[in-house]
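In what follows, a structure is listed as structure tokens, so that the remarks can point back to it.
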Amino acid sequence: MRRITVAVVGYSGDVNEEPVKSLVHLCVELGRELGKRYTVFTGGRNGVMELVAKGVREVGGICVGILPWDGSDANEYNSVVVATGLDFQMRSFIMIKSVDFVISVGGEIGTAIEILAAYANMKPVILLRNTGGWTDRIVNVLIDGLYLDNRKLSPVLQAYTVEEVIRTIERLSGSR
Amino acid sequence: MRRITVAVVGYSGDVNEEPVKSLVHLCVELGRELGKRYTVFTGGRNGVMELVAKGVREVGGICVGILPWDGSDANEYNSVVVATGLDFQMRSFIMIKSVDFVISVGGEIGTAIEILAAYANMKPVILLRNTGGWTDRIVNVLIDGLYLDNRKLSPVLQAYTVEEVIRTIERLSGSR
Amino acid sequence: MRRITVAVVGYSGDVNEEPVKSLVHLCVELGRELGKRYTVFTGGRNGVMELVAKGVREVGGICVGILPWDGSDANEYNSVVVATGLDFQMRSFIMIKSVDFVISVGGEIGTAIEILAAYANMKPVILLRNTGGWTDRIVNVLIDGLYLDNRKLSPVLQAYTVEEVIRTIERLSGSR
Amino acid sequence: MRRITVAVVGYSGDVNEEPVKSLVHLCVELGRELGKRYTVFTGGRNGVMELVAKGVREVGGICVGILPWDGSDANEYNSVVVATGLDFQMRSFIMIKSVDFVISVGGEIGTAIEILAAYANMKPVILLRNTGGWTDRIVNVLIDGLYLDNRKLSPVLQAYTVEEVIRTIERLSGSR
């Protein structure tokens, strides 16, 4: 049976500076819980991507980094690095197409594009709320509190804890 | 001197049905006014793309269609068809990278991604207001009424008439 | 009726230096004859691409340049510049998919990839012989003097003059 | 220290039919020897890709499949499946960019494009000789028996056994 695959998207940036600094514990915990159960994909760089990959590594899971250009800014925790040769945004579409679910944590424009890309590719999104940026901002434009356009392609869900994220994935994938 | 290039993004769909039907006159007029002055790019398919291309054709301008897959759903008004072999969203990035300005008219998730892609690629966006969909919805998440994230990469402007769209382009490009 | 589209691939490099220098007259003539009849695509840069675009411009035709990255190394003769954001080779696939026929003139590894890409996408190739590089070298590996693998997807033809190139296109497209 | 990454390219097709059938033992052995030492990438589908992935799996290695479209024709032995949304050839470039070395086994036009893509991206290629197709055919067009154009970007080497492939990789990577 194929393993469930999950992408985490969110803030890039130095993990010792805000806004990522405040999310260190949460992201590492998220990585650990996802890494125990699923194959995890990220954009492979710094910020939320690095912290999640660190958590996945700690529990011996597999973390795949889908990098822009030649992959030279990959963090040290990726199990596998894919150097797409594409720019920041186009490479995101390859990550999104490769997974069953997308989880967002904070994030600027790149994260916003990834959330919309997930919806357009009919991948359920789970917003980890109260992490700032587009993860919280996107809630203001949801149609019926769930969708990103009138076609209602796929739900955009909300969770407030890592445990709730895991429960949502298990419910949606019928794995419980 | 290189000609200014402008992309128009917006609703796809049958031009005889809503929500496109109500925008027929506006889009053809937009195509005419842009076509007289600039090289126009669209996604090359139906809906807003077709109507704008029709307007460009009427004034003898150049309209470039950047199509997904093999380009087989190109409308009849494109001067040039580029068949990217890419899906709907990834092909949008090629269109956005090729232009100086992006104008949006209504639109579902594909248009939303194009607006965000423009901002991420530092191309000014002009929202043609009161055309519905994401063109009006995105206003609710603008930071300082102008930006799509905290990096303030490029302005997202608003216009209420075709004339105002043209004036905005001329002002930004210093061509007046 | 849709216009026939033709891509020309070949040596990049300074047009005042070999190996392009010796091909100046031939390439401009090729551009003129193609530009009178068809919409012409090239990779939009220097070398053979620039000379062909110059010829197309001289007869008032349309030459579309499909550029890598941000399109900043476009030659001055392109009617339309598409900035793909992709690298040299990946952008070639977009050019190949957009055309009915591919003509090659000399060329290094990029041209070789374009010839193979054309074949893989079932676009007939016309090698303009005695122009050097991969255009002449590829003849050594043709199966039955026509194909690039055992699937025999599409013919790789040979021409020795611009007139013969035009005749081959007209024969294949049934336009005479 | 980053692990060495190696891509294997070659014939697709049913593993119970020629030309793949005769290569079953060789490809599984290649997968085993590579899988013990390196992270292995393939195109993730049937034929040589499937057999190599099987070998990698047998020794508990990591095999990454870089698939076209939605990844639905992935073989069962991939450790990680990346669904690129791109066509057969464009997805090959992502695989090539992600690795240090490329090994080819037989192969039709897709393999030929991958060999040329490796060279264009300055990745050393090792041809596993006497496996047919483009792996043997390409030898006829090598310049100085090593290069695919006059720029001499990267060597195209030849090996006659799996052991020789491994020795070549170790020599080139200075890992012995």
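Order of writing sets the chain letters: A, B, C and D. Residues in each chain are counted from 1.
As a working rule, a residue touches a chain if its C-beta (ideal position, glycine included) is under 8 Å from a C-beta of that chain, and two chains touch if they have at least 3 such contacts.
Predicted model, so just to flag it, every value in this text is computed and none were measured.
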>> With centres defined by CA atoms only, which chain is the most remote from subunit B?
In response: D
> Out of B-C and A-C, which chain pair has the most contact pairs?
Replying inline: B-C
>> Centroid of subunit C to centroid of subunit D, CA atoms only: how many Å?
In response: 29
> Counting in whole Å, what is the centre-to-centre distance of subunit B and subunit C, each centre being its mean C-alpha position?
Replying inline: 30
> Using the average of all C-alpha atoms in each chain as its centre, how far is it in Å between subunit A and subunit C?
Replying inline: 42
> For subunit C, which residues are shared contacts with two or more other chains?
Replying inline: 85-87, 90, 93
> Can you list the subunit B residues touching subunit D in their complex?
Replying inline: 85-87, 90
>> Can you tell me which positions in subunit B touch subunit C when the two form their complex?
In response: 5, 39, 62, 64, 66, 70-71, 79-86, 93-94, 97-98
> Once bound in the complex, which stretches of subunit C touch subunit D?
Replying inline: 87-90, 93, 108-110, 112-113, 116-117, 119-121, 133-134, 137-138, 140-141, 148-151, 153
